[in-house]
Structures are given as structure tokens and as C-alpha cells.
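Order of writing sets the labels: A, B and C. Residues in every chain begin at 1.
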Amino acid sequence: MQQFQTEITLQSQNRGTYNITQRINELVNKSGIKTGICHVFIQHTSASLIITENADPTVRDDIEYWMQKHVTDGDPNYQHCYEGDDDMSGHLRCILTDTSQTIPVTNGQLNLGTWQGLFLYEHRKGKFDRNLVVTVQGV
Amino acid sequence: MQQFQTEITLQSQNRGTYNITQRINELVNKSGIKTGICHVFIQHTSASLIITENADPTVRDDIEYWMQKHVTDGDPNYQHCYEGDDDMSGHLRCILTDTSQTIPVTNGQLNLGTWQGLFLYEHRKGKFDRNLVVTVQGV
Amino acid sequence: MQQFQTEITLQSQNRGTYNITQRINELVNKSGIKTGICHVFIQHTSASLIITENADPTVRDDIEYWMQKHVTDGDPNYQHCYEGDDDMSGHLRCILTDTSQTIPVTNGQLNLGTWQGLFLYEHRKGKFDRNLVVTVQGV
């Protein structure tokens, strides 16, 4: 078995989702690994990784709607609010979603279903540099 | 280190949970790998994978109760509702649960705790073919 | 590629979060693996693993606040309540958080972001022995 690991930095523009499927697929291709797994890890606590429908963008709008409804920004009961209304809600959204995703690699690419895409989910309002560590293991 | 990867298709019968522990354990056994990890990935955005109690089935009924209460079917604010009331709620349930689970392999089988089982969680009302990619890596 | 797997038991003192970053880093160091991934799995259905901010402890207090607000202890609609008010809510919290975390290993240690820590999240009220299976794979 072989292994490939690299780090990349992406810039978010604002709260919302960013399709990173192609970018990660390019790294899988670069790894030369044909069969195995690809682990994608985001080194932050207010941005996360989700796998969801890649076709209709309103799916991601509705995810954001649910998050805003159920994970209140600026809840007066939060103790942690140094960086504003989206500080603690950002941490909570990361707990409910995922800090990493592991995806099978088959035939030299991410073996996602037809309707699946991998998205960086920025939970803060504003632009941020977000570091990802990508590890591919296999043959 | 060695690796084994395969794909299987399961048919759900309706919204609810399906114990797939034994089926995945059979694949671990088939892999011949004694120590390592088993990665199970579902290639869909309205069915997910959960690990929860395998003994009392009312645990899974109560999970379904919580989901129905907190992830409204057919919320009039959803924009994405092409396929019915359970369309967008299905995508949301997948975000809150998991698209993949990684389980340690020890002594040639899934090293789950006494009370843990692995379940496919179908979020749509109706029967669906659900594809899984299973990758076992280890020695 | 090489692999290391071990099991450890930690004792929780009560509902709340326990920083296990250093303990897991010691196992990564013991493995001798410099680059790869570290998979940490908890063999229970009412305690989970989360990655969140390691600096301000009120972040974890606010996570607990959100959980208590949205995952009701002792909801009279729960069917599963053998072990008390925190029984079913504990299972639900595990579904919303994670049973395992996979973290990249770089330069012989967990490659977490500056503000990230790995925490065992005990959801039951009381002391429990919690078993973890840790697998490190890489070179």
C-alpha cells in the first residue's frame, strides 16, 4: 500500500458552502492511488465539511435555513461570543456536521454517488483562509 | 498492509433503520484482514449510516421521533421539494448523521462495543436501492 | 505502510467533555508512525468524540447548553428510558456528534489546527469506564 498527504489552503468568501469535489479529485489523481480511501480534514472549529446533493443549489440554501433556525446566532445564553454573533453558532454547526470526511477511491478518483458532492461549509460571516489536510491511502 | 474494497447494494423498504452489522462483518471476514479499519460509505444524500444501540429497538424509534420533531418534513420554507415532503428533510438528516462510518477491525471482525450496531438509516418514504462502498485496510 | 492498534479505557466523572488530545498524541508517538491517519473509536452509545476549540472552556459549556435545549432529557415521548432521564438523550447526542474521529498524522503527531482539541463527550450523569480503540496507519 501507498500513501500521499498534502495540505491546501482555500479562501472562503462568506458563510455558505463551497464545492471542493474537483479540487480534491485532482489531489487523488496526483497521488497516483487507484483504490483506497481519501481522508479530508479541515483544521478549523468554525468551518466544516459536508457531503450533500451537488445538483440543485437550493438544497444547500435549505441546509443553511435549518442551521439558522436551530443554531441561533448570538443566543444571549452563549458565554462564548468574543468574535460576534456567528462565533459560538459556528462552533456548534461544526459539532453537528463534520470536521473530516473519508471517501472511497476507486479507479483513481473519489467514488461518490451520482448526486453527491463534497463541500467546505464556512460558518463565519467574512473571508477566511481555511487549511485542509488531505491523505490518500491505497494501492 | 493489505486492502479489500467492494460494493454492495441493499434495498430499503421504507423510512427507518436497518441493521447491517452482520452483512459488513461478512465482508471483513472475506477480506482476510485481521487488524485494521473498515470504512463503510453510502453513495446517497437521503440515506445515512449510524452506530447506535443494537439491543432495544425503541432506541431507534426514539431517534426517528427526534428527527421528525426537529427536522420538519415539508417545511413550507424549504425551496427544495421536488420529490415530496421527505425530500429536503432527508438531505438534512444526512447532514446531522453520517455518510460514512469507520470501525476498527480486530481479530478479523468489526471491533464494536457490546451494545453497538451499524445501521443504514433510510430517510425517504418508500423502497430504494442503496449502494455502499466498503473498504478494509490492515494486516 | 505500517499500522499500530491499541485499546485504552478512560473514566468519565460526569456529563461533560474531557480533553484527550495529549493522551492520543502519546499513542501516535508510541506507534512510531510519522505520516498517515489516526482513527479513534469509542465503543459506547452514550458517549462520543468531538473536535472543537481547545482554548476557551465556555465553548464546551455552550455546546452542552445547546444539547440540553435541543435534546430534551426525559422527554415523556421517549419509549427508551430504562436508565433514567439521560438514557435516550445520551443516545441522541451520540447520533448528532460522532462515534469516531479520524485525524491526520504529520511529523509524528496529530495534525490538528491551532485551536482544535479532541474531546471525549460523556453524555450520561455519573462515572463510566469508556473504552477507545485507536488505530494509526501510515509510514
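Quick note on the criterion: a residue touches a chain if its C-beta (ideal position, glycine included) is under 8 Å from a C-beta of that chain, and two chains touch if they have at least 3 such contacts.
Quantities reported herein were computed from a predicted structural model and do not represent experimental measurements.
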item: Residue-number overlap at the subunit B/subunit C interface, same or different (half cut); value: different
item: Turn needed to bring subunit A onto subunit B - CA fit, degrees, nearest 5; value: 120
item: Centroid distance [mean C-alpha coordinates] between subunit C and subunit B, Å; value: 20
item: Multi-chain contact residues (two or more partners), subunit A; value: 1, 70, 96, 98, 102, 137
item: Partner subunit A, residues of subunit B touching it in the complex; value: 1-3, 5, 39, 41-45, 70-71, 77-80, 82, 88, 91-92, 94-96, 98-100, 102, 131, 133, 135, 137
item: Residue ranges of subunit C touching subunit A (in the complex, touch as defined); value: 1, 35-37, 50-53, 56, 58-59, 61-63, 65-66, 70, 96-98, 101-104, 106, 111-116, 137-139
